[in-house]
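Each of the next two complexes has chain A plus one other chain: chain B in the first, chain C in the second.
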Partner chain A sequence: MKNLKRSLCLALCLILALACIPAMADGNVKIGVLVSDATSSEALAFRAYYTEYIAKAYGVEFIYSDELTDAAGEKSAIDNFIVNNCKAVISFSSFDRPAQIDQCDAAGIYNAVATGTLTDEQYDEYKDYEYYVGAIGPSMDIEFQAGYDMAAYYIDQGMTKFGMFGGGVPYYVDMHIYRAAGMLTAMVEKGGEGANYKGADNAGAIIGQIYADGGIDTGAIGNLELAAYVGGYDFNDAWFGKLSQMVGTEGIQAILTVGSGVDVLGGFISGSGVKLATVDSFTPAMQEAMDNGILDYMAGKFAASIGPIFAATLNAVNGQPIRDSEGNALALGQGYWVATSSEQFAQYCAVDSSMTDPAYTKEILDQYASSEVSYDDFVDFVSQYSFDEIVSLKK
Partner chain B sequence: MKKTRLLKNLMLSLLIPCAVLLVLEAMALGKGLRLFANADSWKLFFRAVANVTLTTFALSINLDSGRFDFSLGAVSMLSATVAGTLAQQWNVGPWPMLAIAVAVAALLGLLHGGVYVLTRIPPIIVSLGMALFYEGCAFAFTGGKGVSLVTRLDIIGFSTIGHYILLTAVAVALIVLLFDYTRFGANYRALLSGQKIAVETGIHEIGNALGCYAVSGALMGVVGFISLANTGSQQMALNFGSIGVMFTAFLPMFIGGWIGRYINKRVGIMLGATSMALISLAFARFNTASSVQSIVSALLLVLFLIYLNNEFAILSRFRKKQDAK
Partner chain C sequence: MGKQTIRERIPAFASILGLLALIAAYYIVGLIRDANVAYGLKAVVNQSVVVALVATGAVFIYTLGSFDISLGAATGVSALLGAMAYNATGSLPVMFLVCIGVAVAIGFINSSLASVFNLPIFVTTVAMMSVLSAFMLILIGWNGAGDTIKVKARDVRPLDNIPFKVAVLAAYIALCWFVFTLLPTGREAKFIGGNPVCAKLSGIDEKKLAIIASLISAIGIGLGAFLTIVYAPTLNKDTASSIGMDVIIAIVFGGMPVSGGPRSRILSAVVGAFSMGFLSQIMSMLNLGSGYGQMIKAAIFLLVVFIALGSQRGKLLTR
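Here is the complex of A and B:
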């Protein structure tokens, strides 16, 4: 019996030792990725770029969190990354960014914000933290501009009657509020003399009004009209009824959506003659919608747009974080690609969905994931995010 | 005498839907609107009747037997995902797609029932596990991308009032037939009223439970199909994101139970669903915020349950007042 126990203990130790060997031999850098959205086409495209291209090209291992729903989930996921010996965390989740940065800093692992930015107050507090890499993504100004450009595109064509899908506006999703505010601002600016939205006639006042209301009111804006509005993601019969009513509103010419336009309105738009504009990603399903006239205008984050934040994170992990002349972390804006025709969309989609030659290839990123890169070079690189600029980078 | 009783039962059966319609029409008039303003309003109404009726049947079949089922939404999502993907790959129209959705959903229901009868774990726990499992399967099946059929005009074109009425009528007829006029239904009712005695008389409770799960699944397959054909897309849900569907069925189920005193219970459920469909239509027509919708729905449910639990006392007091006069 005693011998049996000894043998069992010995076998157990042997198994443990053997289990440790691959872990010790595995020199891959591990990076944790926090996600609060695991199912949207945009989130899937980002994930595919990291796991199917970057991971292979750089020999790094990405460990993804579950689909997070709150700040407690973020904390627990970071704990898990720390236990798994991750050297950095790239965060797509924004329930409590300050807590994420604090937790990573305390654990001595790097933290980077992808496809988003910190608020000015948060940046001032965390910009000199040793383990805070920075943020690269559409700033709220860029979100605002995306909405503005979308509305302006149709107003400039002479359209006057619009519908709007506000997505996360009732839940106070900042980027959706800023996109919606951009659309309303374009209507106010191009709606003729005295045009205003509930008395607000400038961007700041419109943003404030939306935050105060938690929604958007319909009505005339000068000589333009916001004839219908639906917000939220209720996915119940009443909500689908509202969407259907919006498409059927008499005289409506275009529906501007802050996101997910094809997914929520595609079925109703078919054959209605109403133009649909949205913010989404360059997927084959969207391409099909554009080819068939269901989608008319799309502003999209390209999948490889998260390449630069990876390069910056890798630099930090390798001991050469990119900092400005005062030692502050990155805070860089990055905008959208806009497609208004099938041909343009196909061109973008081909580059964006490629896992062998994506927008930001290893060859491009290598120039910036290196110890020699300066802050200014990196800023210059990130600022060239338009399709044409990226194509020229490839040459 | 019999005619008077029939008429009274019919009037009491229609009391709730008619009262709801009158109240909502009055509210609409007050707002300067019409509840049924155009074809879209009718379409929304009949779609809601179909969705809520079928979901309530699916829920009540098992819940009446004490088997709580959180996986209804996940079954609907997974069956629609499989059917939509296959419809796209095989380029088949809406009817074959509906058949695929029903078959897949029935199988999923059967699998759920199988896990329950094999493991004997409490149904509420099994249903939570199956909900997560089916959500994961749907995600894996499409790589998380979901299904997009927005360009399939034949499938989107299925969303017509006629089709909604047809699906609802067929479902109600089949459910009435199955549960009220077959041996399976008789066994089901016997098991409801006393499982021990029913089993001792030779009824196979396992076979009956499996059958209930399969029928419940098949009904959710139709719901999934209606939803996918309506919007043209099926998005994925993880971490119990799909369980909200079942909560739409509670109030019509209780209303249906009350109406069921005066008319066939399944027809009562359909009338309960009709009342809820009217409320959904009103929410859409009045452009009611989702938070207000949730509050109103919850209040209606609580008030109705309070009434049901205190019905005897309320009616006694009412009668005493009448006698005093």
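Here is the complex of A and C:
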């Protein structure tokens, strides 16, 4: 028994010592990364782009937080980044963005928002903070448009009966509510005269209605019909039963999902003839779903979409933050790539999953991670986010 | 009882020695990694104080040989209602009292249900955890402002400092130590945890003690909820959700058996909570990635508990 104890102690010391060796060797700029999702295919793709491509290309060290679930976790993680002498924090977590910016500003480290934006009120308050780099990602308007385009795609094909998966709507997840509102707004606008959702006939009213209800009601919307709805992420038998029932709803033609469509509905969709549309990322698993006819439409963030916010952050760390003519931080929208066929998806996926030639390569980013870059040049660069535009940037 | 050798005494102090070893490791790793060690100490206190408060109170319940799985949810509900009370009144004392009051009410319901239906507290807390988790969602829905309930950060910032938090923790530890050590309550609780049949035959009222333990624990939950708002005043459905598991780990890490009984100690919770805090900081400084970090944490946890429980192996009536 004594030997076992000694062995355990020795093993532990050895592990800690070995762990210190790579730590002692580096002298890179450290950047903390806040994540509230560490396991989805989208999150893994983002992480791979930073840790396997950007870190090597630029000689920076990314320190990732654990998977965060609340604002207290964000604050603790930023504390840990400060302890580690990180020069900046790139945040994928949105429980309390103002608190993140305040905390970083007080500590004198830069803060940047990836794959999201601040609200207008928040931006007005923080745009001139010295250590706030800015935000690049889908704004709520872009989220709304993603939902709208998805629904319009099927309505324009003549489909009339839909199902909807609301994901985080019952938990008041803003981006899911806006995507769902976009879908309903498309139905209202294309549902014929007098079409409305619970009396709401415009985007603002529909968004307000969803926030008031914390859910979405089924029923006729003009000459269209939302025949089934499931929300939440209960992952119990009853919840899976509802999903199965939704797919089996008589006459249903397409199921519009605010996210995670393949993960939660893929098993039921196969062979049903119902079209599945979702917002996700360009991963091999989604490619397989598209090839097998399970997934029909996907609006996806591409992994390298977080390249520009890294370039902006690096500029700030190097003492040349990108600011507009009034000295305000960045607030730039960046949308999705939309694939509606297996071939198109394969083309996007090949670029997106490459760790040697990703969508935004070092050669492209170098033009903008530089003291020479102007605010207008950077805005122009970020606005060219479609697949074809990025391919043309590479030429 | 012969005189104990130093080697025999080591297991009894393993948790404290473990904490000291972790503090030493923290400084060494911090030096190697050129980390901001002073700031890290503040971070350890900030990250450990809520767990330490809730775990210190929970020692009373664990001492009885019982188990409360609803601690996290109770802290979350208390914090949400405290924040809503503040938003309605603008008064920090009201927020404080609501946090404490709600936690005490939840503790009273837990222990009363256990008494009325003659159920173990553990069973009622399982049911209560589900109810409270659902109630958190309802509260957020009632609040009608998205998926969070917020208190303005600048309103609570004056309290978000280390001296205040340490003072709250010290006062609560003093209260618990007084009740646990100097009043019959502590001895009776240890007796029940060690041998419930003998305790009952000796005339100790288990139900009364269960209610007292729940109420004392509830004060810790209320204080934890208050400091949760002070630290991060944006609350959501997952606020304090990890506290239940953190408390169990802290108590075991602190060298107290989860089966309760005579080896229960108030300070175990504090030692365990701060050990976890330093361990987390070390893992963060090493930037091993959460996977490797978790594995090493688990190895250290097993090691400390293995040594701490060493003195009990092979003994009769180990509780």
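One rule holds for everything that comes next: the second predicted complex is superposed on the first by the 368 of 395 C-alpha atoms of A that agree within 3 Å, B and C clash if a C-alpha of one lies under 4 Å from a C-alpha of the other, contacts with A are read in each partner's own complex, and residues count from 1 in each chain.
As a working rule, a contact is a pair of C-beta atoms (placed from the backbone, for glycine too) under 8 Å apart; a residue touches a chain by one contact, two chains touch by 3 or more.
These numbers were taken from a predicted model, which means no experiment stands behind them.
**Student:** With both complexes overlaid on chain A, does A:E61 touch chain B (first), chain C (second), both or neither?
**Tutor:** Second partner only, chain C.
**Student:** In the overlay, answer first, second, both or neither for which of chain B and chain C A:A38 touches.
**Tutor:** both
**Student:** Please indicate which partner A:A285 is in contact with in the superposed arrangement: first for chain B, second for chain C, both, or neither.
**Tutor:** Only chain B; A:A285 stays clear of chain C.
**Student:** By the touch definition at the top of the document, which applies to A:N236: first (chain B), second (chain C), both, or neither?
**Tutor:** First partner only, chain B.
**Student:** Let me test your reading of the model: by the given contact rule, A:G204 touches which partner, first (chain B), second (chain C), both or neither?
**Tutor:** neither
**Student:** So, does A:T69 touch the first partner chain B, the second partner chain C, both, or neither?
**Tutor:** Touch partners of A:T69: chain B and chain C.
**Student:** Of the partners chain B and chain C, which touch A:G192 in the superposed model: first, second, both, neither?
**Tutor:** neither
**Student:** Quick one: is A:N80 in contact with chain B, with chain C, with both, or with neither? Answer first, second, both or neither.
**Tutor:** Only chain C is touched by A:N80; chain B is not.
**Student:** Tell me the contact category for A:A99 with respect to chain B and chain C: first, second, both or neither.
**Tutor:** A:A99 contacts chain C only, not chain B.
**Student:** Overlap the chain B and chain C contact sets on chain A and report the shared residues.
**Tutor:** Residues 38, 66-67, 69, 170, which sit in both footprints.
**Student:** Flag every residue of chain A that touches chain B in the complex, lowest number first.
**Tutor:** Its residues touching chain B are 38-39, 41, 43-44, 66-67, 69, 170, 215, 232, 234-242, 244-245, 248, 262-264, 266-271, 283, 285, 288-289, 291-292, 294.
**Student:** Quick check on the complex: what are the chain C residues that touch chain A?
**Tutor:** 25, 29-30, 32-37, 39-40, 42-43, 46-47, 137, 140-141, 144, 146-148, 150, 153, 228, 231-242, 280-281, 284-290, 292, 296, 299-300, 302-303, 306-307
**Student:** Mind pulling up the chain A residues that touch chain C in the complex?
**Tutor:** Residue list for chain A touching chain C: 5, 8-9, 11-12, 15-16, 19-20, 23-24, 38, 61, 63-64, 66-67, 69-72, 74-76, 79-80, 82-85, 95-96, 98-99, 102, 168, 170-174, 211-212, 214.
**Student:** Residue numbers of chain B touching chain A in their complex, please.
**Tutor:** Where chain B meets chain A, its residues are 38, 40-41, 43-44, 47-48, 51-52, 139, 143-146, 148, 150-151, 153, 156, 159, 229-233, 235-239, 244, 248, 277, 280-281, 283-285, 287-291, 293.
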